[in-house]
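Letters A, B and C mark the chains in the order given here, with residues in each chain numbered from 1 onward.
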Amino acid sequence: MDKKSVLIIGGGISGITAAVEAAEAGCKVYLIEKRPYLGGQVARMNEYFPKLCPPYCGLEINFKRIRNSSRIEVITSAEVENLSGTAGDFTIELRLEPEYVNSSCTVCGDCSAVCPVEAKDSFNFGMSMHKAIDLPHELSYPNRFYLDDLVCQKESCKKCEEACNYDAINLEAAPGKRKIKVGSVLFCTGWEPYDPTNLKEYSWGESPDILNNVMMERVGAPNGPTSGKILKPSDGEPARKIAFVQCAGSRDENHLPYCSAVCCSASLKQAIYFTEQDPENRADIFYIDLRVSGRNEDFLKRVEENQQIRLIKGKASEVSLLEGSPVIEAEDILSGRKIREQYDMVVLATGVVPCIPGLKGIELDPDGFIAKDALENGLSAGGCCFEPKDVASSVRESTGLVINALQ
Amino acid sequence: MIEISPDIAFIEKLQGATGSQLTTCMQCGACTASCSLSEDQDVFPRKQMIMAAWGMRDRLMADPHVWTCHQCGDCSVSCPRGVKPGEILAALRQEQIVHYSKPAFLARWMQKPAFFPAAILFPAAIIILILSLAGTFSIPEGPVDYSEFFSHAWLNGSFTALFVLSTIGAVIGLRRFTRNVFTQRTVQKTNPDKPDQGQSPQAPQPALRGILTVLGRIMSHRDFNSCDEQKSRSVTHFLVFWGFILLLFVTFFAILSTIFFEYPLSILNPIKIAGNLGAMMLLAGSSFMILNRLRKRDQSNYADWFFLLSFWLLTFSGMLVEGARFHEWSFAYHLYFFHLVMVWIIILYYPYTKFAHFLYRTVAMIITRSGRQAG
Amino acid sequence: MKESKNTGVYICSGCNIGDAIDTDKLQSIAIEYPSVKQCQVHPVLCSPEAYLKLNDEINEQQLDSLIIAGCSPRHAPDSLKFSEVHSESVNLREGVAWVMEAGHEDTQAAAEDYLRMGIARTAASGLPEPYIPDAPESDILVLGGGITGIHSALEGARAGYSVVLVEKEDKLGGRLNNMHDIIPASGSKQTNLKFFLEEKLEELDASTLITVHKNTSLESIEGEPGKFLAKLKNGKGASECKVGSVILANGWKPYDPAKLTNLGYTDHKNIITQVELETMQKEDRILRPSDGNVPSTIVFIQCAGSRDKDHLPYCSNVCCLTSLKQVSYIRQKYPESRIFIIYKDIRTPGKNEHIYREVQKDNHVFFTKGRVDRIEKLENDSLRMIVEDNLLGETISIRADLVVAATGMEPNQSDDLHLLYRKGEGLPDRKYGFPDSHFICFPYETQRTGIYAAGAVRTPQGIQACMEDAGGAVVKAIQCIESTKRGEAVHPRSGDKSYPDLYMQRCTDCKRCTEECPFGSYDETEKGTPLPNPARCRRCGICMGSCPERIINFDNYSIHAISSMIKSIPIPDEFEEKPRVLAFVCENDAYPAFDLAALHRHRISPWLRIIPVRCIGSINKIWLSDALSAGYDGILQIGCKPGEDYQCHFITGSELMKTRSENIQETLQTMMLEPERIETVFLEIDEYHRIPEIIDDYMETIEDIGPNPFKDM
């Protein structure tokens, strides 16, 4: 085992960054991802704030660095089952999902063309359909098709296996196991949006026009369910007026007591790309405090100057439905008035909930994040493991954590 | 412009009364948004919360909006910081009653358990004094006839006098309240963009229509019904409200009867039936209120319990007194004495207990309504 | 460079390539070239069998170069990577078969052309030989002995690298020396600064790998990664040290409160800054400057300077938390004190929200959003703050015994590095003095290779983040040292062994390369002759694009190679009515976008010929005139978005292309050609759906202006 070897759990932007930075600094890197592709949450995002640039741009260059590096091994569809050992000598046991599609896949698409099963595309949060065997998304790394175990008819169908000219599909594939020994382990297990089903006051689930912010990213994305045109999911008509409800779950003792740090900038961004689609579009953002950091202030300024966007200081306490359309009632604190308005769509800025694996050596703090001081020697954690972070901070921090692997 | 000089003792008092960490309010406005009574131009309770957190006692004492609240609890449920704005407003209402009450010591008696013995013994002693003066302070022989114990003339006379005295107290309190509200209103800018220096310092005259609307709202319990969180509160209050009104009329007839007709009335007399119905409504309503407090659905404190329990005991003892008369219970006169003390407590203290809310709230609703029309 | 003389061409017919294109025809074309020793068609070139076969043939035929004609180079699997031979890709799948009509003569022509271009390019290129400076250094120089510098030194030493730490003061610790306590890191209770700093200084003293120079100024830095020479000076005299890379950790300064005329900092004795308050706290007492009394009411004004277009347009990130920290101290120390905090927004992101709530619990602390309209002087030098736009909705006034202005953080000048670089002493700042070049995706990157900024000089941040920054900058510094030793480029072309080679005999000292290199790779002699520093180079080729004499070339990416590609294909004459448009496509974002369009099988005009370039800034004017002389009807230059929100990985590449366009238009005029013959398109990677439309629109433009008059000349 190479002493300067590191196993990174989580192939989101933090894990990817740590992997390439570590490898280029001379480490042997194992990058473990439970999804069939790298990129995590950012792969689904439409744009980054504050530059409004596509996350694919940064992912592409990082994937290129992974491709060009001989020191990174990417293991997708894998989860860590057990972690043992001490700093300098960790043993990690992985559970590998069946490799129905192997590395011989050329992404030619013949399998998908013959697949008879259509299912809701989880990449688009079920807002569109895809085949049981399909490419997770265009830029997926590894660049190969993925078979959805839950909906595929397997042996009773076999059409894809027959259609594949490259022996890339094996429907009888079995789950596997693997053991890896490394010197250090880095957790970049990321986050998921706060479960909106807890937000009864926002009528979650009662109208398809009430979305959360990660779904909105898909709606705005050129490779999303509506090819980037922001349409009301209920009837496919263009949305003209959207409300963004900040702190939908965050900064709330009934839900998440902490601030999720990214939702303000995320909504500002979404309001900008929404209003840029049509000069008639209007966006209202209901907030408690506008928390954008550092130079992103320019971005806030840009929104303040945008005549199509209203920033309303006042938490929306409720979203109700009137004749099927969402209605928001809030106090406009700065004018001391109560307002009640109807919208085409409501975007709930749901917060960040960490995804922490239950493994040895990890203790949680009261908020459910990894307790920093309690991490064992040789283990470190980046991204949203300690607290909610935006992409820039995650990348900054995970690069910094690579130093632990070099020592 | 208002100079901010926080009254920290006042903040502590509110914290003590409500158990709320009210200063952790982050002014998000969710309370206002969730409040179905807060209207477009007349928003609360978010502003009351900042005034409370800043210890702006004078301002809050002159704020009629604390009465607009019917304490349904919607705001407390939606509050992300758990600071219970609804209860802060309840505490403020209590504070206002104490603040405006004359004589002030009576109001203070209602606030602390330490004054409980005094609050009970005072009316009991006066009743004993009256009975002693009348010379009937002993258990009469024969079938139960309460007028043997407390003659109608003495009863009507002393209780009417008591009512008149309390009502004078109530009127003084209300007058102080309205005057203060209007003084503050002229000082305060309602809109930061348009300082209303030009506005006349006189109180806008409430239009008759406004008053009628407010009374209609009170009688129909419309404001109560608009609350989301606790629909049952509307029903219990409705029962208590109308039960009480019914009993007021019955009492009025009873007094007339003692003078012009025969008393006690037959059990089948429509007035008697109405009285018993009212008593049942009152008992049912107040029992539910007690139950809700016990189940912690509604927050409470000593003053609230004092008022509610005395109300319940008044009703319950009244019903027992009636039963005792029909069934010739041996302790009928003891019950009757107890009941009379409860009646006294209610009448004597009504401007100083939570009971005063019917006055303050009505006046506040009329003021806020007229203020809105004027604005 | 190892030249390419024996080339093997391998054509894949899988993935519909064989259906769309006559691969046998391609084979027959390839073997006509003298440089091509071998050409074969394989049904699945990415299969393990094919790999073995290829490997054998490289050895048997002594091939020095390979052409893989199959899928996009972005998709080529590991099995087609042969590091010992030069290899080029010909993109028949995403470039032809998936985007053009199968079996059509135009499709076939496109495939043939791409093969010809590949062969031409290969013949003019070779496997690069890396540049490695003589005896490259491994030490790291850290400028600044504050928390970031100290932590950088420790992290570097822990990783086994020697570190030289330079501090201008007589004491390490920087601003921490004037601080009372620190904001607890999320989830941590550690606020004891003394313990925190002493612990680090002890480790620093104990380390044999760290050399500390106190009271020392950095006079200059010259050289390149692996070979930096730093000149130091202190009271005792001058010294020199050789290092491999440099970390700039010279910290921040508080915004000058005298500039805050609206607060009247200079007029009122009892207005102090957060930094001044911290110094008072360190002495464990807070007294009014005017009379030395303990203030009973203190007002904090947040964003004093920050978030203000007239002062610091950005948010300084730490002032809200700092005020909360200071308020906690004051409240503990003076239980009777009352504190007001006037804020724009309380910014306590993440778990710091708990800190905010804890302070709020204190009923002697009063928060309001608001704007301080004016400050009036009262008796005793007390002050009255008039606050508008507050939560009460009416003007309020607050009497204060002491006012604390939360002035923001300004980065110190990166000129402290005193780089002896042609392009200036410091790191170029893109905005507001912060020297990072890609603050979202690659926050440690700067425009000076081997020099990384960390801590508050990079962006306003707190102690915890500064320490994380230190780790990151050290990782980058180590990476740069190690890559330089291997002769490889660092981000974004990590691992690239090619570097620009200058044929100095023909250099006219025009200085364009030195001027246009975004990374300041070139120094100059007094005469103006460029002095290349290949280890500073990021291999973007912008210098190659800028050179009018065409003397700058890479082994595998040269003026000649691209020119040969351009000239390698037959151009149909004007009577055939088959125009040819050449597209220079940036391989970072635009080329992947073409691949993604192909994945969706978007149809692309078969008259287009694509040449991938490292950056559109690397396009040399000669290629344009070569193409126009060869008879191409139009040229598209497709690259990344320029401007403030640039996406160019080489920062200024697409910006340069914008300015160069004017020059190009002049060239067109002299050639008596329409300005539309050359167009520049900025394309984001996710705009691949737009590509067919962009190409079709341009084809229409070309149709409108008619064929290139230079055809067949």
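What we mean here is this: a residue touches a chain if its C-beta (ideal position, glycine included) is under 8 Å from a C-beta of that chain, and two chains touch if they have at least 3 such contacts.
It should be emphasised that the depicted structure is a prediction, and the values quoted were computed from it without experimental measurement.
Engineer: Identify the chain whose mean C-alpha position lies nearest to the mean of all protein C-alpha atoms shown.
Structural biologist: Of all chains shown, the one whose C-alpha centroid lies nearest the global centroid is A.
Engineer: As a test of whether you follow the contact definition, which chain pair has the most C-beta contact pairs?
Structural biologist: Per-pair contact counts point to A-C as the maximum.
Engineer: Using mean C-alpha positions as chain centres, tell me how far subunit A is from subunit B in Å, no decimals.
Structural biologist: Once rounded, the distance between the two centres reads 55 Å.
Engineer: How many angstrom lie between the CA centroids of subunit A and subunit C, rounded to a whole number?
Structural biologist: That pair's centroid distance is 24 Å.
Engineer: Report the inter-chain centroid distance for subunit B and subunit C in whole angstrom, where each centroid is the mean of the CA atoms.
Structural biologist: For subunit B versus subunit C, the centre distance works out to 70 Å.
Engineer: If you look at subunit C, which of its residues touch at least two other chains?
Structural biologist: Residues 346, 357, 369, 389, 391, 393 of subunit C touch two or more partner chains.
Engineer: Which subunit A residues sit where two or more other chains touch them?
Structural biologist: In subunit A, the residues touching two or more other chains are 251, 289, 313, 333, 336.
Engineer: Counting only residues that touch at least 2 other chains, which ones in subunit B make the list?
Structural biologist: Where subunit B meets two or more other chains at a single residue, that happens at 26-27, 47, 81, 191-192.
Engineer: Please give the residue numbers of subunit B that touch subunit C in the complex, ascending.
Structural biologist: The touching residues are 1-6, 8, 11-12, 15, 21, 23-27, 47, 50-51, 53-55, 81, 188-189, 191-192.
Engineer: Quick one: in the complex, what on subunit C touches subunit B?
Structural biologist: Result: residues 338, 340, 346, 356-357, 360-369, 386, 388-389, 391-399 of subunit C touch subunit B.
Engineer: Which bits of subunit B are touching subunit A when the two form their complex?
Structural biologist: Against subunit A, the touching part of subunit B is residues 26-34, 38-41, 43, 46-47, 78, 80-82, 191-192.
Engineer: Along subunit A, where are the residues that touch subunit B in the complex?
Structural biologist: Residue positions touching the partner: 201, 247, 251-255, 288-289, 313-318, 329-331, 333, 336-340.
Engineer: Contact residues on subunit C for subunit A in the complex?
Structural biologist: Residues 14-16, 44, 46-47, 71, 74-75, 77-78, 155, 158-160, 185-188, 306-307, 309, 313-317, 345-354, 357, 369, 389, 391, 393, 431-432, 434, 439-444, 459-461, 465, 468-472, 474-476, 478-479, 482-483, 490-492, 494-495, 588-589, 592, 596, 599-600, 640-641, 645, 647, 649, 684-689 of subunit C touch subunit A in their complex.
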